[in-house]
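Notes follow the structure.
Note that the chains take the letters A, B and C in the order they are written out, and that residue 1 is the start of every chain.
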Amino acid sequence: MNGSGFRAYKLAFLLPGLLILLAIILFPLIFTIRVSFSSWDAITPGLNNAGGINYVKLFGDVRYWQSLGRLSLMAVGTVLLQYLLGLGLALLVWREVKLRRFFRVLFLVPMMTTPVVMSVVWRTIFHESLGPANDLLGMVGLGPFQWLTSASTAIVSVMIVEVWQWTPFMFLLLLAGLLSLPREPYLAAAIDGAGPIRTFFNVTLPLLAPVSIGALIIRLIEASKIMETVYVLTSGGPGTATETTGYYIYIRGLRDFEIGYASALSITYLVIMIVALTIIAKLLVKVFIGERT
Amino acid sequence: MMPKLYGLLKYSAILLWSAFVVAPFLWALTTSFKTANGVTGGPTYIPWLQYEPSLTGWRSLFGGAGGIDIVKPYLNSIVVTGSASAISLVLGTLAAYGLSRFDYRVGPAKNADVLFFFISQRIMPPIVLAIPFFLMLQFLGLLDSLLGLILVYIALLLPIAVWVMIDFFNNIPRQIDEMAMLDGCTPFGAFFRVILPNSLPGIIVAGLFCIIFGWNDFFFAFTLTFTDAQLLPVAVVALNSSVTPWWSLSASALISVAPLVLIAFLVERFLSRGNLAGAIR
Amino acid sequence: MPLHLENLSLTRNGVRYLDRVDATFRRGRLTTVIGRTLAGKTTLLRTLAGLQAPDSGDLKLDGVSIASVPVWKRDVAMVYQQFINYPHLSVLENVAFPLLRRGLKAPEAQSRAEATLAKVGLSGFAARRPSQLSGGQQQRVALARALAREAPILLLDEPLVNLDYKLREQLREEFRGLFAEETKAIVVYTTTEPAEAMMLGDEIVVMHEGRILQVGTPVDVFERPASTAVAEIVNDPPMNILPGAVVDGRIALGSYRLALPAHLSRLAAADYRFGLRATDLHVDPASEIAGSLVFAEISGSETFLHVETAFGPLALQIEGIHDIALGTQVPIGFSTERLFAFAADGALVVAP
C-alpha cells in the first residue's frame, strides 16, 4: 500500500511503540556499555575511564565461563525435555480422550503461575527431612536424595522445577499446531497402509516442524536467562553447582557492587546469547525446514 | 487387546502427568493449614488425620504474626500489570499493524530488521538492564514507584504484543484494508473499523501473554522497588527465609498464583467455543 | 466527466507494469481492458484507485489532477477477483458500510443497501455472513457494495476469474444488464478472456507489457487488430501468426505456395507475417500442406488440434469430437479469404 497520503499514517502506527521501546531500552544498553569500560565499584563509585580492563579480566574468570557452560547444558537439557514431554502430552490429549477439555486446561496451569513463587513451594517440597519429595519416594523404596544440598542432584532439582513450569508452553503451542493440521495427509497415509508409528514420524512430525522450531527457539531464548529459580531454590549452590550466568552476574553486580565489572560480564553475556541463539535458530530452520531464500 | 492396553497406557500417562502438575498445589494447600506440629515432625498430608488444621497461615497474610500484609503488594501488582499490559497492547498492536502493512526504511534497516529489533528484546537478560534502570529511575525520582515499574514493564511486554499480533495481521489479506479505504476509511479508520474487529482472538492472546509475563516478573520488581511499590512475587520471596513458617509461605504462594490459574480456566471456556482455534495458527 | 490518463509509468523490480500509458475513459461507458496476465491491467486499476502511485504521469478527472489524492478521498469503487468482503459484518452491513462512511444516515443507507441487494439477486441473504455464502454469492455481495455507492468510477479486476464456468456465463449476462443501467459512472473491467471483453465492452483497450496497443470498439479490435500482438490477445485460441512472404504473386509459407486471395491481391512482394484464426483452418484431405499432430484438446463440442508444420506451429479449431492419434500427419486447408497480412514488424497491413 503505497499510494499517496500514506506517509503520516505509516509513521503514526509504528513510531509510538518503536520510540518508546528505543528510549527505554537503548539508553540503558548504551549506558551499560559505557559503564563496562569503567571501574565503578563500591570503593570507587562513578564513571571513570578504565579502558578494557574489565574485559581482559573476564577472559580469565573461570567461574564466569563455567556458569556459561552450566547454563547452556541446563537450557538445552530442559528445553529438550520440555519439548518431548510437551509433544507427548499434546499427542495424548489431541484426539478422543475423556475429559479432554479439562486436561487441556490443567496442563496449562503451571505456565500461568509465578515461577519464583512456585520455586518457594518447591523449596519446601525438596526439603530433605521435612519435605514430601523424600517422604513419598521413601514409600516406594527409593533412597532419600539430597535435592538441594548435593552438587549433582541440585541441578536436577532446578531442571525439575523448570520442566514443571514450562512444559505447558510447549504443550500449548504443539497442541495448537496439531489442531490446525490438515486432514488430507493422514487420509493418504491411511490409504497407503501406514501404521500409527510410521504416520507419526512421516506425517505428523514433519508437518509440525515450523511450530516445533518456533517453540524451541522461543523457549531457548527464555531458558538462556534462568536466574530466578536458582535464586530462590539453591542460591546458586551448593557452592556454584547451579550457578547460572545470570545469577553470577547478579552476585558480582548487585551484591558485591562491582558495577563496572558486572557490566562487562553482562554485555559479553548478551553478545554471546545473541550470536548463539541466532546461529541455533538459523540452523534449526535450515535443517528441518530446508533452504528458504 | 492392543487398543485396550493402549488406552490404559494413555490414561495412565495422562493421570501421571496430572498428578505431577497438581502435586505442588496440593502440598501448598495442606501446608497452608498447618501449624508447627504438622511440619516439624516430618511431612504430613491429610488434615485432621495427621495434623490439626488451622487458619494461622491464612490470617498471617493480612498482617498477622510471622507474615506480611499481602493486600498492598496484591493491589500494586494489579495496577502495574494491568497498566503496562494495556499500554503495551495498544502500542504493540499499532506497531505490528504498521509493520504488517507498510514498507519502512531507515537507512539500511527495513521491516524485517525493525521486527527483529522488537523481538530480540526478549533475548536481553534482565541483568543487563538492571543497573542502568536503577540509575535511570533514581535520576527520575521514580525508584520504588509504580510509575517507574510500569515504564520498565512496557519495555518488556511491548515485544510480546508485537510478536503475537504481527502474525495475526499477516494472515488477514491486505485487500480487506484496501477495500475499507476505497469505501472511505482512512488507514486509521480501516484499522479500527475493519481489522481490529477481525483480530479479537489475537488481541486476547497477546493481552494474556502480556498479563502473564507482567504478573510473574520478579527480577525487575526486586531490583527497582523496596517498600512502597512492592509487587506480589517480591513479597512472597521476601518470606523465603528459614524464619518464616511454611504455612504463611504456602498461603501467600497460593493466593498469588490464584488469579492467573482462574484466568486459565476462564480462557479455556472461551477457547472451546472455537473462537481461539483459528487464532493460534 | 472524462478520466484522462497521461503518460503513466510504473516500474517495480525491473518490470514495467505501466509504460507511458495514455487513455481516456468516459462516463456511461463500459471499457474492458484485455491483456494477458502481468500485462499491467491490475496495476492500471490500482493506480486509478489510488492504491499505487505511478512513478510519473498524471491522472485527471474533469481536468483536475487527482494523482496525489489519497485513496480514501477518491470516490472509486472496486471489485476484486478474490472475493473481498468484511468478514465480521453481515451482508447488509457490508453493502451499507461505504454509504455510512460517506455520511448517509443509517435508515437511508439500509434501504439503499437492500435495493442494491435485490438488484444482484441476494434479497434473502441480508442477515447472513459472507463466510456462509458460496463464491458466486460472495462476489455478488462485493458487487452490490460497489454499486450501492453510485461512485463516479467503478473498477472491476477480473471479477469472474475465480468462479466456475457456468457461473461465469450466468454472471456475465447479468453484468450486461446491470451495467447498462450505469449511465453516470465510468466503468473499467479487466479480463483475460476475449469472449468476455467482446460481450461486455462498449470499448476495448488492449494492453500488453504495460503498454496500450489498441483502443476501439469490440468489432474494430476484432476485425482490424492493429498488430500481431493484438491479434493474438483478442482471439481465443490466439490467432495463428505465420512468417511468410509474397513471392511471384503467391503466398509463400515455407516451401508451400498458396494462391493470393482477392483482398491481398495488391500486396507488394515482401516478407510478411500472415494471421489466420484457428477457426479458419480445417482438415482438408486435398491439401498438400500438412503438419504432424502434437496435441489435441477436446472442449465442449469442438476439438482443438495443435500441429507442427515445416513453417511453424498451427492451432486448428474444428467442429465435432475427433480422436486423432498423436503424430498423425494432418492435411490442413486454409480459408485464405480470412487471411490477415501483417508487416514484418507486426503492424497490420491488410485485414479481410
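Here, a residue touches a chain if its C-beta (ideal position, glycine included) is under 8 Å from a C-beta of that chain, and two chains touch if they have at least 3 such contacts.
These figures come from a predicted structure and were not determined experimentally.
A complete topology is adopted by the chain contact network, contact being made between every pair of chains. Across the structure, the highest number of inter-chain C-beta contacts is found for A-B. Centroid distances from chain B, each centroid being the mean of CA atoms, peak for C. Centres computed as Cα averages put chain B at a distance of 56 Å from chain C. In whole angstrom, the spacing between the mean C-alpha positions of chain A and chain B is 15. Shared interface positions of chain C, i.e. residues touching 2 or more other chains, are given as 49, 51, 70-72. Counting partner chains per residue, chain B has residues 178, 186-187 touching two or more of them. Multi-chain contact residues, meaning those touching two or more other chains, occur in chain A at positions 1-2, 6.
Those residues of chain C lying in contact with chain B across their complex are 49, 51, 70-72, 76-78, 80, 82, 84, 86-88, 97-98, 101-102, 145, 149. Taken in their complex, chain A has these residues touching chain B: 1-2, 6, 9-10, 12-14, 16-18, 20-21, 24-25, 27-29, 31-32, 35, 85, 88-89, 92-93, 97-98, 101, 103-118, 120-125, 129-132, 135, 164, 172-173, 176, 179-180, 218, 221-222, 224-225, 227-228, 231-232, 245-246, 249-250, 253-254, 259, 262-263, 266-267, 269-270, 273-274, 277. Those residues of chain B that touch chain A in the shared complex are 10-11, 13-14, 17-18, 20-24, 27-28, 31, 39-40, 42-43, 45, 91-92, 94-95, 97-99, 101-104, 114, 117-118, 120-133, 135-136, 151-152, 154-155, 158-159, 162, 174, 177-178, 186-188, 191, 212, 215-216, 218-219, 223, 232-233, 236-237, 239-240, 246, 249-250, 252-253, 256-257, 260-261, 263-265, 268, 272, 277, 280-281.
Taken in their complex, chain B has these residues touching chain C: 173, 175-176, 178-187, 189, 194, 197-198. Put simply, chain C touches chain A in their complex at residues 49-53, 67-73.
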